[in-house]
Structures are given as structure tokens and as C-alpha cells.
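Here is the structure we will look at, set down as C-alpha cells.
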């Protein structure tokens, strides 16, 4: 077995605060990036809510995990994709998001998924 | 405080085997009936799948909790209601169900809910 | 008014238990009383004293314990639900007590309000 | 073929972990191999040896242990996910070992197939 | 009656099922991911057409802020905080939390 | 690619989201509550109209029996057991389990 790093796509479909899913997926992603695995992120459905600007968790007195996304480029992770249709369905635009992403339609997303060795859907 | 037994409505909206929700709700229901609380059951949405006949869990080698519903009358619990629209949406009829139930439309369900002191939605 | 609060949400995997804590705190802040806080279903995980999040994160088990102490209330959990999920006397956090569903029904019948956090 | 299996479902509150167990058993029955079984998210609850269901119910923790013994495989769980959920050395079931996410990534890179049960 | 909804309307049927059965004078409180239903976009598309005149919808301020939604909430929504949540449970009984 | 769906199509978007992106020659395996999508009623109303010609849909026998569905499954569904599930993962790669 060669143990070559595999390309990994993280498909994120849940909001940021109700469950720790996105946050624990992020820990896998960081570890994988340290193994030189090629990483991409795809935000679908309610996963888009993770990227909304101005999330302020001080009233709830919990940590705001999503600010960690701003550090993605520090880890050389630049492949961040967002489903155009799901953004529209939530009344959001690119200007509402905390980081630069590539908007894809469903056909392009289909192609993106097909390009990866490993897909982790959270 | 008088501690009078209250009327309780159990609203069951999940299938029988993926989660233990229905089964643990049943344990509350039995305990409440032993305290002379008046109990009703309302099956909505995927909760209807709990009542399907011929559930056979031997291949999965797990217990079939739903057979316990047949014993409801032994505990003097006779108020079992099913949402007519949800039954239709799943291609089911009364003949498919393991126990005798009362079919209600949404307006009747609304009235049923309003008659209870306590509503537990599982 | 006198509340019974039922918590069916686990301690870390959903927000529900923390919402329940915030609600309970505000019930006391408004000088109402709580007949009982009862943990059922995956809610029993709230009573596991082995839970040890990093120090910069919320420790809800500790928050429950402080609340229980400050207002002298009992935190109940269902023995059957707890055994199935591995919460037993050996890892039970102080301030919680393992009881049965009868306690919950009594509390429901004795209180003015019943609210579930899931 | 050589599998890595990731389990993110808890032991009692959803069917996913049991599905993973059935799948793993059948992988071995067909003479394939398992590089690693890794428990993450709420999946770490599968390793709590205090879990004690009634004797007529499934005990998945024991089933995992028997499988691990029979086929000499390690059952891994992530230390951070486990600490947040109260699974630590004191209640860790035999056959499981607390490791880190690095183990998971290595296993993914070393195996032919990667499958998640949630 | 007070209905509590804590799931996103985009991925859960909790709010939809609740609306099938809610009485005219009931109150609905959106908490946790339930507050996504308070978005102007969602309300104007899915809720306002239902003509829920007498039904009052509340949403929890703390959860709105945590999700960065404060500038996007429909004007039909009554925003309340945790003390207001407690008050709601005093004036509305029974309380049904939708799973 | 093999897609695994373990949630009921009546209450979860997992299958719907999966179908938005599945490739023509992909396989979909329904397990646990996912097998409710294999019902004749559901298939004929929601899936067959989509014209998913080349997409093959499998459902797990053990979960079908547990739910009492064996006499109600669409003829378009390929019923397999756990050994067949393992075989599917050999012939289809990668495997995506929808949350």
C-alpha cells in the first residue's frame, strides 16, 4: 500500500450552532491538511448559514466556532464552494459571507463531487 | 397544590427503529397511566410507520418494540388517533395497522390537541 | 408559578440542554420556582461527571451543578435511560440523582407549567 | 479489499452504529480486511463500558469488543470528541483505544474503501 | 397554547407540522435553529401567505444574534429575550415543544 | 459512486439533496429509515417521474423486513442483504453517506 494522500471533499449541510457537527468536521479537515491531503469544502443547504457575517454569540455566552473559517487560507485551503441555489433560497448573497467562495450550480457541484477520492458529508 | 392527574397527549412523529424515541415515550406513558393520568396517543407523519403490521426484526436481531402497542388496551388506554392525511401520503390504510385507531383530519387533530393539559411530542 | 422542566437533549451534541439551562436560570431570576428538572432520553448524558471539555469551552455539567446548589433543587434522571447510555453511580455528577419516571409524573401533576427541551 | 469505517452515530440513540457493526461483520465474513474502525462525534459513546442495557436487549459495546477480539482489530476513538462527551480511561471498554484524528487520516490514506455510518 | 420550534424550517418539518394544527390564538416561539424561520425571506414566502392573522410568532433574540440574523428578521416577528421567554410561558399554557 | 441514505424521505432532505447531485451511473443504497423511499407509493410519486434511468437504487432487506415493508416495495428497487451491501462497496467507489 502506498499511503498516498487522498483528495477529500467536506460537504457541510447543517447550521453552525445547534450541533457540533461542523466544528468537529473542521478538526478532521485541519488534521487531513497536515497530512498533505488535498482539501475542498462544499457548503450546501443550511450549511450556508455557517458562513454568515456578524454572528455574535456573546449573548449566548458560547464560542463562535465559525470565525475559524477565516483561517482556512493560513492552512492553504482555498477550495471553498457554495451552492448558488441554496444561497438564493435563503435570501443571501456573496456579500453576506465571511469568506471568498466559488458559487456553483447543481451540475457543477455534481462534477466537483466526482473529482474527489473521499467525501465526508456532515 | 392539589396534584390532580393531568390529561396527557403523546404526539408520535418518528419511525419505530432508527431512534429509541417512541419506545422511551411508551415508558413515560405506562408510568403516567399508573398515576391515573388520562392518556391519549396521536400518530403523525412518520409516526404512522410504528403501527405497520408484520414488522419482523429477526433478521436485524433486535427487539420489536412496537408489539407493545397491542397491550395498550390492557392498560385501559383506548384513545389512539392517527392523522388521515399522513396515512394517505404513505400509501397506507387502516387495514395495515396493528391496532384499532380513530382517523382524524387536521381540524379534528387541532381540537384534540387543545383538549389536553400536557403535550409530549416525540 | 412552579415549573417542571424535561430535558431530552444530550449535553454536547445539540443546543437543547443549554437552552434549558438558560431558561431555568431565568425562571429563578424572575422569582418563580422549579418543581423538578428531569433528564430523559439522551438528556441523561448531562449528568456524566467524566465530561471534560477544554477549559475555554462551556462545561454544562458544572453549570447544572452550580444552579442546583444555588437554588437547592434536585436534578433527576431516569435510571433505565441512564443505564442504557452508561451513566451510572460511578460517573454520576454531584447534584444529580438517579430516580424513575414516577418522579417525573408526580412533578408534572404537581406543577403549573411543563416544558420540554429537546 | 481493505476498509476504513468511521462511526459518528451514538450507541443507543440511533441505528447507525449497529448498522456499522453488521457491515463490519459481513466484511470479515467475505474475507476482506478492516484497516481501522474509528469512532468520532457522538460515535465515541460506543466505547463506554458503563453501558448496561437490560439482559434481553442488544449490548452493542460487547458486540464491538467480541468483533475486535475475534479479528484482532483495534477500535479507535478521538480523544477530543471523547473528553467532551465523558468517555475517558476510567470508563473505556476493553478493546477500544483513545487516539487522535491523525490515526483516522492515516487509515483513510492506507485503505481501499472509506465508509461512514451516521 | 405555546408551540416551541427549535429546528430549521429549511430541513425539518417541525414548523410545518405545527402550523397544520396550531389554533388561531396560539403563540409560536422560534428558538435555536428555529429562528431561521424568522428570516424576512422565509416569512414572506412561506408564512405570510398562510394568513396567520391571530397567530403570534416570537423569536429568541440570543439565538438570532448568534446566527448573525438581526438585520434580516421579518417585521411580523416579535423578538424576545430569555426573560421574555419565561413570561410567554406564564401567559400561554400548555407548552408543546415540537421534536 | 455509492450514495448511502439512512433517513426517511418524508422527514429529511438527504435523498432529495443526493438526487440533485448524483451522477448518471451512480448507485444509491437505502438503509435504516432510508428504506421508506423504496415504498411503491413514494417511488411512483417522487422518484420515477425524475427519469433516473441509469441510476440504480438498492434497499437493504434486513431494514425492509424490520419495518414491515416487504410487500410494498417498488419493482424498481433492487433488494440486497448485508453481504450484498459489502459487494456494492467493492464495485462502487467512493462511498458518500448523506447526513
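As written, the chains take the letters A, B, C, D, E and F, and residue 1 is the first residue of each chain.
As a convention for this text, a contact is a pair of C-beta atoms (placed from the backbone, for glycine too) under 8 Å apart; a residue touches a chain by one contact, two chains touch by 3 or more.
This structure is a prediction, so every number in the text was calculated from the model and none was measured.
Shared contact partners of chain A and chain D are C, F. The minimum number of touch steps separating chain A from chain F is 1. Using mean Cα coordinates as chain centres, the one most removed from chain B is A. Because chain C and chain D carry the same sequence, their contact can be compared by residue number, and over half of the numbers here are used by both.
Chain centres here are C-alpha means, and the one lying farthest from chain E is D. Centre-to-centre separation between chain C and chain F, using Cα means, comes to 39 Å. Mean C-alpha positions place chain E and chain F at a centre distance of 34 Å. Remark: chain C and chain D have CA centroids separated by 29 Å (rounded to whole angstrom).
Of all residues in chain D, those touching 2 or more other chains are 12-13, 15, 22, 41, 57, 80, 84, 114, 116, listed in ascending order. The multi-chain contact residues of chain F, meaning those touching 2 or more other chains, are 6, 11, 13, 32-33, 62, 94-95, 97, 99.
Residues of chain B in contact with two or more other chains: 13-14, 17-18, 20-21, 45, 60, 62, 118, 121.
Only residues 10-13, 41-42, 45, 48-54, 57, 80, 83-88, 90-91 of chain D touch chain C when the two sit together in their complex. On the side of chain B, the complex with chain F involves touching residues 13-18, 45-46, 49, 52-60, 62, 64, 89-91. Considering their complex, residues 1, 13, 17, 20-23, 94-99 of chain F touch chain A. On chain A, the positions that touch chain F within their shared complex are 11, 13-14, 21, 44-45, 106, 109-110, 113-114, 116-119, 121-122.
Considering their complex, residues 4, 6, 31-33, 62, 82-83, 85-87, 89-90, 93-95, 97, 99 of chain E touch chain C.
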